[in-house]
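Common to both upcoming complexes is subunit A, partnered first by subunit B, then by subunit C.
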Partner chain A sequence: MTHLSLTNVSKHFGDFTAVRDFNLDVKKGEFVSFLGPSGCGKTTTLRMIAGFETPSTGSIAIESVDITNKAPNQRNVGMVFQAYALFPNMTVAQNIGFGLRVRKEKESDIKDRVAEMLAIINLEKKADSYPYQLSGGQMQRVALARALAIRPEVLLLDEPLSALDAKIRVALRAEIRAIQQKLGITAIYVTHDQEEALSLSDRIVVMREGEMDQVGTPFEIYNFPTTVFVANFVGTLNTANAEVVDPAKGLINMDGVQFASATDLKDRKKGDKVRVAIRPERFNFVSQEKKANIVDCTIENITFLGSIVRIQVKIGNTKFYMDTFNNPFLELPRIGAKDQVTCSREAVLVLND
Partner chain B sequence: MNATTRVRKFPFWSLVWFILGVLYFALPLYATLDFSLRMERDVIGFKAYELAFADDEFLKTFGYSMLLAIATIIVSIIIIVPTAYWIRLRLPEARRIVEFITLLPFVIPAIILVFGLIRVYSSPVNIPFTEISLLQPLTNFKVGTNILIVAGYMVLGLPYMYRSVDTGMRTVDVRTLTEAAQSLGANWYTIIVRIILPNVRTALLSGALLTFAIVVGEVVLASFLGVPTFGPYLFLLGQHRAYEPAALTFTTFLLTWAAMGIIQLVTGGQGQTTGAH
Partner chain C sequence: MTQTTLTASKMPAPRSSFKNWIGVVPFFLFAILFIFLPSARLFIGSFTDNDGRFTFANLIELFTQPYILNSYLLSIRISAVTALGGGIFGFLLAYSVTVGGLPKPLRSALITFSGVASNFAGVPLAFAFVATLGRTGFVTAILKNVFGVDMYQAGFNLYSFLGLSLTYMYFQFPLMVLIMAPALDGLKREWREAAENLGANSMQYWLRIAMPVLLPSILGSMILLFGNAFGAYATAYALTGGRLPIITIQIGAQVRGDVLHNPGLGNAMAIGMVFIMAISLAGYSWLQAKTERWLK
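Then we have the complex of A and B:
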């Protein structure tokens, strides 16, 4: 059943359209990420759900109750900010209990709830500390607990991990996901970090210039991007221009090299110009295994990326990246050497604009 | 750490400027204190203080000035805090205009201000285009005159109070804190009283201290509006005596700091902490 629903939501700032015709239904307990580059409208959409911006058109509903024109303090929506936004004059416990005190709940209930939240975020010993006495990761955990303490209908997270260093970010995102699943709360997460979105979400909404480009599970978004933008934005991707040779068999021609694609090309005609994408990790050397496409290549460059080795190969006149796992016992090819690479039909994606 | 590093790290110029600053502020104060203690020839004593305190007018005028100062500070906070807050939150484009307005007391002398006040408020306030009077001239009765002088003091203290509050609000992320409080269900009153005010407390205190000092020492407005405050009293005393005004000046300085100390104690609790990071 739909818990949060955005219908035809648009937001204009003067002549500028920040969000255009946004439609989304979120189920109860679902974790949805808005992913996109800066200025794509993801934060504006989140702020409209929170009530800090009013949609120019469209409506927002929680449990079928229209909240479009409700004030932010009437919505029962918890929010976690990138800048933590802890109240500097209050201790950790006072911060967590603030929303409950505003609601005039019983002091004994507040105390119990604060203790419960402190236990969830593992900061029981910091109850009497002030925000300036905490690390960035601890502050963000307190901010999360504060937002959850009021038992919100929806939890909104606006790039909550952006200000933290890489290791804490990874640890905290796992913690956020675990807490969200434990409490079964509906969450909307804004990020420009594809790894964060892919690892956390039940569904991802990829946004571009105020519009939804693609909505899908992390698996769908990564493996089957439908637009050039999504394909380029999520993960590393090789893209090239090609021409349809045989729509029925899925054959395309890239710079004189023929590839077979599993993408449905029934709507295309022979000779149509298309954009093709192949993930670097979908290529293998023929010496390792053989798949539907086997093409000649020249090794152009090799970059060591830790667990992965990124090899640039030239196929026809087009340069592609291929990724292989780093194996210290296998010899890497020489730059300038001729070789053959292979990829499956499913790896060759024909994209929409 | 070798000797060269130690010499390099020693904050020589910082120390020089600090000492110069201390001398600039402390020397006149010391000179005043020293002078006030030498009323009797070849004796260091408190004779000037005894004489000054024996005068009933001192306590009366100083007490009156303190009351006016407290009223000015309260009115300033009520008007300036929400204004500065709203400008930071919703009207950043109005900031330059407001800053310009707050600078006006520096370029418009107090004498102009007081004559303006007298000219405008010495006539009754009528309903426009009629002879029906809504309010008699404010200068004609004591409460009215007190309202005028507090309003005048508020204008004189505006640059200090506004800038203090604005600087205080700059150190905390007012916008995000407001949104965080709103999302937790807080209304505007709760946000201002429980989030904004406590976090700009130190700034408010410094603004209040400056306003207090201005009000206690102010002469022009009080003289022309005929309000018996400490400034004109001290001025008159200085016309006839040498040592007592010095003693009272030093005492005023101490009392002003004591008053601020009391405010700090009364408002109590945790000092202003760092802003949202």
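Then we have the complex of A and C:
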């Protein structure tokens, strides 16, 4: 059943449209990420759910109750801010208990809830510390506990990890996901970091210039992007111009090299110009595996990225990246060497604009 | 092979070359000539009678002469009233142009005015008030002739406690604006949003977060305003001509020597002022320590 619903939501700031016709239904306990570059409208949408911005058109509902015009303090929506926003004059325990205190809950209940939250974020020993005495990761955990302490209907997270260093970011995102699943709370997570969105979310909403470009599971978004923008934004991608050769068989031609694609091309006709995308990891050398497409290539460049090796190959006149796992016992190809690469029909995606 | 460990005692100390001290020489010279030497002279002078002999009489007089105690009291009252009044008024103005979201040009205009007005004191300020709110001042005249309101008949007197307080307020509230505007700017928008998000209303946000965060700045500003008024002399003297015997006017009378002449007593009264300011500052430090315990 739909827990949070955004219907035809738009937001204009003067002549500028920050969000246009945003429609989304979120199920209870679902973790949805808004992913997109700066200025795509993801934070504005989150702020409209929180009540800090009022939609110019459309409506927002939680459990079928319209909250579009409700004040932020009447929505029971928890929010975690990018810069923590912990109250500097309060200890960790006071910060966590703040929401319960302003709701005039019983002091004994507040104490119990704060203790419970401190246990969840594993910071029992820091209850009496002030925010300045905590690390960035600890501050964000307190901010999370503070937002959860009020038992919100929806938890909103506005790029909560962007101010932290890489290792803490990875550890904390796993922690956020675990807590969200444990409490079964509906969460909306704003990020521009594709890895974060892919690793955390049940569904991802990819946004561009105020509009939803694609909504899907991380698997769908990564493996089957439907637009050039999504394909480029999520993961590394080879894109090239091509021409439809045989729509029925899914054949396309890229710089004189023919590829077979699993994308349905029934709506296209022979000679149509299309944009094609292939993920680097979907290529293999022919010696390793043979798939539908086998094409000649020249090794142009090799970049070592740790667990993977990124090889640039030239197919026809187009340069593509291919990723292979780093295997210290296999010899890498020489730059300039001729070889053959292969990829499946499913790997060749024909994109919409 | 011998391993050598560089211990702290063996580490080369940072070089403090004589040249590095040259930059601060003017400051130390200034401080010695115009702060330490006069203070020492004041201290010694307060234990010296008119014949140059050591005495406690001046200090004893501070506590036994009712007119001196009344002067201290008057100075403290006027300083406290103008610090509080100027503080509240200045805070509200600063709030309006920062958090209140009034147009930015208004803020620039207010800050510029405050920069000038906070330093506008002494004879020019007194004259400005006489020319506007004096018995024949033009504001008094406009109120009387245009609106039919006779301020002086209604009990107002520029040369009274109220009048002097009003005059002091002219440089007190701009000082508060100058100090509080940056402090109010320091309130993060996220704090307010986080508070609202957690269910707090505006009043709860101000009482539980904004005011505690601002309290050290407000207290510090109030003490500064108190000291600003407590040490004022020329404005009060030019405006009232000694009719309001605040402590600085009493000191002036003892040192100038037109009618009274007891520099030793003047020195002792000045030491009394230092003592009162020291108590104020100690009180401020204590309050600050209590309110700022959450700061680094």
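FYI, the second predicted complex is superposed on the first by the 353 of 353 C-alpha atoms of A that agree within 3 Å, B and C clash if a C-alpha of one lies under 4 Å from a C-alpha of the other, contacts with A are read in each partner's own complex, and residues count from 1 in each chain.
The rule is short, and it goes like this: contacts are C-beta pairs under 8 Å (C-beta built on N, C-alpha and C of every residue); 3 or more make two chains touch, one makes a residue touch a chain.
Keep in mind the model is a prediction, meaning the values are calculated, not measured.
Aligning the shared subunit A places subunit B and subunit C in steric conflict.
In the superposed pair of complexes, A:Val19 makes contact with neither subunit B nor subunit C. In the superposition on chain A, A:Ala50 makes contact with both subunit B and subunit C. By the touch criterion defined above, A:Leu4 lies against neither subunit B nor subunit C after alignment on the C-alpha atoms of chain A.
Contacts of A:Val244 after superposition: neither subunit B nor subunit C is touched. In the superposition on chain A, contact of A:Ile204 is made with neither subunit B nor subunit C.
In the superposition on chain A, A:Leu161 makes contact with neither subunit B nor subunit C.
Within the superposed three-chain model, A:Gly99 lies in touch with subunit B and with subunit C [touch as defined at top]. Counting contacts by the rule stated earlier, residues 50-52, 71-74, 76-79, 81, 83-89, 98-99, 102-103, 130-132, 143, 146-147, 150 of subunit A appear in both its interface with subunit B and its interface with subunit C.
Residues 172-173, 176-177, 179-187, 190, 195, 198-199, 201, 270, 272-277 of subunit B are the ones touching subunit A in the complex. Across the interface of their complex, subunit B is touched by residues 50-52, 71-79, 81, 83-89, 98-99, 102-103, 130-132, 136, 139, 143, 146-147, 150, 156, 163 of subunit A. Against subunit A, the residues of subunit C that register as touching in their complex are 188, 190-191, 193-201, 204, 208-209, 212-213, 293-296. Those residues of subunit A that touch subunit C in the shared complex are 50-52, 71-74, 76-79, 81, 83-91, 98-99, 102-103, 130-132, 143, 146-147, 150.
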